[in-house]
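Note that chain A is present in both complexes that follow, paired respectively with chain B and with chain C.
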Partner chain A sequence: MATFIVRRLIAAALILLAATFLMYNMVAYSGDPLEDLRGVQTPQTAQLIEARIRLLHLDVPPPLRYFIWLSGIGGCFVGQCDFGMTIQQQPVLAVLLNSMDQTLRLVTIATVLAIILGIVIGITTALRQYSTYDYGVTFISFLFFSLPIFWFAVLLKQFLAIGANDWFQTGARIEWWVIALVAVVSGLFWSSVLPGDRRRKAVTFALGFLAGGLVLWYMSVSGWFLNPRFIVFGLDFSMLTIAVLMGAMALVVTAILAGFRHKRSMWIALGVAAVGAALYYPVNYYLFNPQVVPMTFWLLAILGVVTVLVGVGAGWVFGGENKSTNMKVGGWTAFLVGAILVVDRHMQLWQAYSQTGFVRGRPIATIGASNPGFSDSSFFVQSVDAFTHMLLPSIALMVISFAGYTRYTRASLLEVLNQDYIRTARAKGLTERTVIVRHAFRNALIPITTIVAFDIAGIIGGAVITERVFGWTGMGSMFQNGLDRVDPNPVMAFFLVTGALALLFNLLADIAYAALDPRIRVS
Partner chain B sequence: MTTNIPQTNEPQITDAEANLELKEIEGLSQGQIVRKRFFRHWGAVVSMIVLAGIVVLAFTSVGISAGPVRIAGWWPYDWTENPRPVNGGVPSWQHPFGQDSIGKDLFALVMRGTQQSLMIMAMVGIIGATIGIVIGALSGFFRGFVDAALMRFTDVIITIPFIVIGAVIGSTFGKLGAFILALVLGLFSWTGLARLVRGEFLTLREREFVDAARVAGASNGRIIFKHILPNAMGVIIVNTTLLMAGAILAETGLSFLGYGVQAPDTSLGLIIAQNQEAFQTRPWLFWWPGLFIITIALCINFIGDGLRDAFDPRQKRMPSARAMQRADAENAIAADAAALRGSDGADAASETADDQVPTLPQASGPDALPPRSEDAPGDADGRR
Partner chain C sequence: MRIKRFAAGGVLLATGALVLSACTPGAAPGAEIVEGTSITAAWNQPFYSANGNTSFGNATANNNINYMTYSGFNFYDNTPELQQDTAFGTYEAVSEDPLQVQWTVNEGAQWSDEVPVDAADLLLQWAALSGAFNTEGFEASEYQDPETGAFTTDFPENTVFFDSGATPDSGLGLVQETPEVNEDGRGVLMNYSAFDVDWELRFGAPLPAHVVGMGALGIEDPAEAKQAVLDAIQNEDMAALSSIASFWNNGFNFTEMPSDTSVLTSSGPYIISDFVADQYVTLQANENYVGDHQPQVQTITIRFITDPMAAVTALQNGDVDIIQPQATADVRAALDGTENITVQYGEGATYEHVDLQFDNSKNPGVFSTLEARRSFLLTIPRQEIVDRLIVPLNPEATVRNSLVFVPGAEGYDDAAAAWSENFGEVDIEQATALREQAGLAEGTEVCLLFASTNPRRVQEFELIRESAAQAGWTVTDCSSPEWGGLLGTPGAYDASLFGWQSTSLGASEAGPNFETGGINNLSFYSNEEMDAVVQELGGTADEARQIELKVEIDRILAEDAFGIPIFQFPEVTAFSDRISGIDPSPLAPTIFWNVWDWTPTETNIEG
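Right after this comes the complex of A and B.
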């Protein structure tokens, strides 16, 4: 294994060397870097040209100039990275770090959500193969596959940003026919996803219809979209709603991971949820209060890890005979409960945020990564601001990439479900939950893992068009600015990061594949 | 029931279905089977008709203009001329798609853009497939040093994301016209296909029919072209359509960014890029080119799906309930007839067929299909 990894790493380094050489020359020969200076005839022109030639070593032909660039990169190994200068005389390294920060923010959440959503929908379509739901999702994913992202992004800007902001300003009421439509869709969705005979399906449809319609109607009447709290007769019932939501999460986690027959797992999950609900006020008054704890992203991440560990610990302590399952149940419940607390903290700020002077009741932004007016605000206000800026590009990216995951998951799970060992598992009387979750889903995940690994490598460089449409200054815009000005240094910085990540994750995908599927041996 | 288990390799549950399948493909050649399965996929058939309609419309309406060749079309306007704006460019009988801010007829523009997008798509498909097949076949068939060298070369190209290499190519060659752009894009789009073809070749070259051909004295060229390539054709065709669907989106994206087709010529992505600010005032400038991109890409994707179903029946369509019942009844009749003749185990066969029908949706595995098993062609190899 070790020799395999070392050999692959050496091969990757050589490949990267060749690819960067190719790329450098292609960019350098794509135009004239002095074009903008040659156009104007002023007394300083000759001087400026001279200065730029010296700055960027333009007197050296590109194939040799590549080695100047390479020696700067090679300095990274002795702690002195030199990515060169851009044509505007900024150090590329600073631009690169700033761009990476923006791109990671933009793309990470979109990719994670697309993966989760794609896998969940893929599983449900595979389990309900050839149902109306399956055909509907298939058609929609083909449509999403075929969407040009720039076109879709402009549509989003028009309808979801401008339209939604107008809607926020006129009271955020939902038309009755929208409520009816959503209710029907919700009824159809649940009745086609949940199992049962015709009568039970009719009941599911009615319940889904009522639930969807009532929730939306309540949201519309109470102005939930302007102030996402649950206020009835002037009393804030949000805490109660959150407690119920946490309990529901606990039950869902139990249903998927353990099944309700295992009462112990259910009580552990509910216990974790109860602790989360009990901590609601302490967390909001102390931990999430910027005057008490100066929250940062990393602190929040550490708290998240601690929360999950507490859940896992609860599963371990009270796990009984079934420790490993109960640890999983506890961990996942704790994660979801913590996530609900964090989301709720942001929702508390929504109304105040959208009525500040910088926003003036039009919260959803179409351009840029953040509103500079909030640079001194607390962490949570800044994340609400980040959310309003990320909403549109994230939806665009998600829609484009989620279609692929749905199809892969569906195909992969169907192939597994046709295997003989699934028939054996059913024949020996295992519950359907065990067959799907333990036997089928785990094996179906193996090919998906590799695709996910490739995509994670692609995310950092894969949003060139989206960044352009939404005016983010991330990796994509660094690449484009460099290319437009025939400036290889920023382009190469972009490419070095994306190429190295692609090769690294390619290797990781192979290792993961070998680790997950014992039939494949790396050599 | 216990009597006939050891004798059969096929799982009994596929009896009714296998019967149905067998009857469907009885006496047909491989090509006929594939064609039949393809035409059963109505999404793919409709897509093919729509795509053909778009091709005819695009190339006859504004005529063909490639280099020195000029053939006029039946549409009165050209994409280069700007007639007087009628009614502020709102779509009318005279200009069904509307006009842009300087009066250019949008129908002519969109048709020209469609032509360019289709041309680039076809070129990328043909060039990419050709190079991919050659490189994949050589490295999969000869293995060893050839394989190592070609695959490392493929790795170098595949490391560069297509949109990045497209942008670099576009900023260099975009000025030279759409044809050159398509040519160069094609030169960099073969990598995925080459890996897949190599994987196919690695598995197929170990099969008995290749040994038989070699024993019979066939040359390497003959084995590659006459014996292995026809068997790898399914993977090649399906992935070429996917490559083409990707190419049309990549081309429009590049043109949108300004690295693709350049004015005064036009492309669907370029029309959208030029008019995205005008969405509030002239939304038709934005809707039409977008709808054409989506329609073309959607059609190609559906055709690809139909081809996949036709070549690779692993995720095949379930026969309708009625067809299953009919096949089942025929099974039962055959079993009854056999029982009358006094053969034992026949009613067991009909029994199994009966009680297994409800579980059939999950039981349509590749083993139900007698011809040419295409199971997991070198998946692991193809990835490396």
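Right after this comes the complex of A and C.
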């Protein structure tokens, strides 16, 4: 194992060396880094040109200049990283750190959501192979897969930003035919996902149709999109809705992880949900009140961990004979209940946020990471602001990678389901839930790890096009600006970080594969 | 009941936080600030230095913002014409031979921390821009920290280096002796060692001397710090000047909100109140600003948006209120027919032109005769280029008829006469005749240098090639992505097509371009008459005479068939109905030049 890793690392270093050399020279030879100075008609031009030549060592030919750059990078091993200067005389290292920060914010959420959604939908399509739902998802994912992102991003801006904002400003009512369409889709979805004979399917369709249509109709008439609360006769029933939602989450978690036969698990999950609902007002009055607790991202993260631990603790204390499963049930339920509380806290702010002078009823933003007007506001206001800014770029990024994940998961799970040991498990009389969750799903995830590992390397690389279209200054824009200005240093910083990560995660994927699948040995 | 109370409380809390975060109204004297008005403008590059006088900080992205935060003695309006800001201070040339200039700050002019603006600030500005105290033979780059690019503080002891690109033979470098401070301490008298025709333009808005004093010398009291800077300059205290220079070079450079906000001290209508790296800068109206340029908009935010189309969508969506994206056909198409948005098409500061090589050309001697040059220039289809390539971007675009004047500036019309007379229209017959007179056979090659990466220049090249072919010229392609480096290279090309950017209307810009051996004279052009005119222009103080001489330069260039101006780069400005009073200038700081005239409209106040 050790020799394998060392061998791979040495190979990776050599590949990186050769690749950076090529990249550096290609960038350096792609144009004239002094072009912008040459066009200015002032007597000072000569001095400015000379200053830049000195700063960027332009008097050294690129193949040799590469080694100047390399020696700066070599300094990293003795704790003195020198990524050089940009053409604007800023240290590349500072630009790089700032860019990475922006990129991580933008891409992490999109990638995580794409992975979760992709896997969930991939599994469900595999379980309902050749159903309407399966064909529908297949169609949509191929459609998404083939969308050019620059075009899709511009469309998003036109319809989901400008169009949606116009819609918000004119009352946020939904046309009857849209409601009807959504109702039909909802009916079709449920009837093809839920099992049953023809008659039962018809009933499911009717119920799905009614539920989808009614919910949307209610949202439209009550102005839910402008103020996402459940207000009936002037009273806010949001808390009840949330309690119901938490209960539903508890049941879903039980169904997946334990099955309803295990009453104890169900009661633990429901208990955790009940505690969450009971804590609704205290949490909102004290913990989520910026005047009492100055909330930050890290504090929220710690609270999240504490919440999960409390859930796990509940599973441990009341777990009975099935402690480990019940701890999982408790932990997951607690996590989801906490998430609902956090999301609800932000939804309370939605109306106030969209009506401020900085937003003026047009909440969905097309540009940048935040609205300058809210820099002094509370954590929650800023989170709402971050949401309105991240919505479009995240959708654009998700849509592309989501398609891949559904296909891979579906194929992988189908392959596993056809194997002998699954048949054996079924023959043994295990419940369908146990067969899928415990035996099939885990093994189906092994090939997915490889893809996820590659994608995580890609996260840092950012999304050159998406960043540009939505005005984010992350890694992608650093790379592009460097190319535009014929400035190798920031391009190389980008390339070095993404290249190193790609190689590293490649290695990690191989190791993880070996660790997960005992049939494979690395040597 | 509890539910309702909570809902009310939650909304109250949320609104409270939002309201508190909104702008607090300022009580600026005489300002007509509409409470809480805010305007967002987009710019394509982030801000990074509050000192635009250093060679490091001299960039449009900085100068736009510094223009709003520092008051100076003069500025360009959108004519463009130089205007004095007499509410800040006054200046006059006391004597022309030798040149003596008196600069005086008005009584009451003050920094945003209520410290008065006075002679100390002017003296520091002089010390920095003249480089009079710079240690001789000092090679600054040897002390540059390769990682941060900043100058390390451990210069050899007592080394003074102001990074202002000063040279002792031009601009303020000509004022080597320390200016006298007036008795009232509000003005300085400068003695020039030689005449400088653009003396008015050289003394930009001063930086706060007391902030430099506090930062560089570690003095806490502003008045004391100011005095210390004044003393250091007057007593030539090299130890103190060394740290003053170092702070002047580096102290004002920041890429996010600095922890010590004293470097944001402003003397202009606005002051930086927030700065998030690579995203935006927020400027608040400066409550302590007492000048004439009282702002009407409380908060101006400059967001950094690189992509022109993204800027257009952001404007349409209401994310930003003012944009000036790079003018392209896509941008124009997207802006056309958008409701509630005003679009102004205009001219930028850069102009396109063709230069001919008088000597050292690729095809030896092709343009050494006047006939050959005239013949070639007569074939250049200027009107066609404008109609086909520029009018789609700027409906009012016309052919530019001067190599010296910015269109609209005083004197342009007189200068244009020479060009329309000589090269008013394409004249194939005359061009053919002239080519034959010059003894050049049909099919003589002219290699044109231009940027191969610029699609517009490629199209221009095609149009020129077709037109010139009719008069028997064969225009060949000398284009290169590194065209800039090839400019002025002997034997590389015969004619060049590129743009010159004007940064001011200064009389001294013509010299380096057209005099024999000038640094921007890339055509090996030499004409004694021209040298004499340039020489005289360099020593002329009278503005009317300066214009006469510049018209003269244009006439000589046209008659010598030096080259030919084609068009002014188009510029497009678009703004929402939340703001009025925007009237961009072709010169930097383009849209921002009249930031004090920006007025929030009804729509803005309602919001």
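Everything below uses one rule, namely that the second predicted complex is superposed on the first by the 515 of 523 C-alpha atoms of A that agree within 3 Å, B and C clash if a C-alpha of one lies under 4 Å from a C-alpha of the other, contacts with A are read in each partner's own complex, and residues count from 1 in each chain.
One rule holds for everything that comes next: a contact is a pair of C-beta atoms (placed from the backbone, for glycine too) under 8 Å apart; a residue touches a chain by one contact, two chains touch by 3 or more.
Nothing here was measured: the structure is a model prediction, and the numbers come from that model.
> Counting only touches as set out at the top, which of chain B and chain C does A:G499 meet: first, second, both, neither?
Once the two structures are laid over each other on A, A:G499 reaches chain B alone.
> Touching A:W176 in the superposition: chain B (first), chain C (second), both, neither?
A:W176: touches no partner chain.
> Of chain B and chain C, which one touches more residues of chain A?
C
> Have a look at where A:R468 lands relative to chain B and chain C in the superposition and call it first, second, both or neither.
both
> Regarding the shared-chain residue A:G31, is it in contact with chain B (first), chain C (second), both, or neither?
both
> Check the residue A:F260 against both partner chains and state whether it touches chain B (first), chain C (second), both, or neither.
Neither chain B nor chain C is touched by A:F260.
> Touch check for A:A411: first (chain B), second (chain C), both, or neither?
After superposing on A, A:A411 lies in contact with chain B but is clear of chain C.
> Looking at the overlay, does A:V154 come into contact with chain B only (first), chain C only (second), both, or neither?
Both chain B and chain C are touched by A:V154.
> Classify the contacts of A:Y281 with the two partner chains as first (chain B alone), second (chain C alone), both, or neither.
second
> Would you please give the residues of chain A that touch chain B in one complex and also touch chain C in the other complex?
Overlap of chain B and chain C footprints on chain A: residues 30-31, 154, 158, 468.
> Help me check something: in the complex, which residues belonging to chain B touch chain A?
11, 152, 155-157, 159-161, 163-165, 167-169, 171-172, 245, 249, 252-253, 256-257, 259, 269, 272-273, 276, 279-280, 286, 289-290, 293-294, 297-298, 300-302, 305, 314-315, 317-318, 361-366, 379-380, 383-384
> With touch defined as at the start, can you tell me which chain A residues reach chain B in the complex?
Within the complex, chain A contacts chain B at residues 11, 14-16, 18-19, 22-23, 26-27, 29-31, 129-130, 142-143, 145-151, 154, 158, 411, 414-415, 417-420, 422-423, 447, 450, 458, 461-462, 464-465, 468, 479-480, 483-484, 491, 494-495, 498-499, 502-503, 509-510, 513, 520.
> Touching chain A in the complex: which residues of chain C?
Per the stated touch rule, the residues are 2-4, 6-7, 9-11, 13-15, 17-18, 20-22, 36, 38, 40, 42, 46, 48, 55-56, 58-59, 141, 144, 146-149, 165, 167, 170, 255, 274, 276-280, 282, 301, 303-307, 309-311, 313-314, 316-320, 350, 451, 453, 481-485, 487, 498-503, 508-509, 511-513, 519-520, 607.
> So in the complex, the part of chain A that touches chain C is made up of which residues?
30-32, 34-35, 38-48, 51, 54-55, 72, 80-82, 84-85, 88-91, 93-94, 98-99, 102, 154, 157-158, 161-162, 165, 229, 231, 234-239, 281, 284-285, 289-291, 348-349, 351-353, 356-358, 360, 362, 364-370, 372-378, 380-381, 468-471, 473, 477, 481
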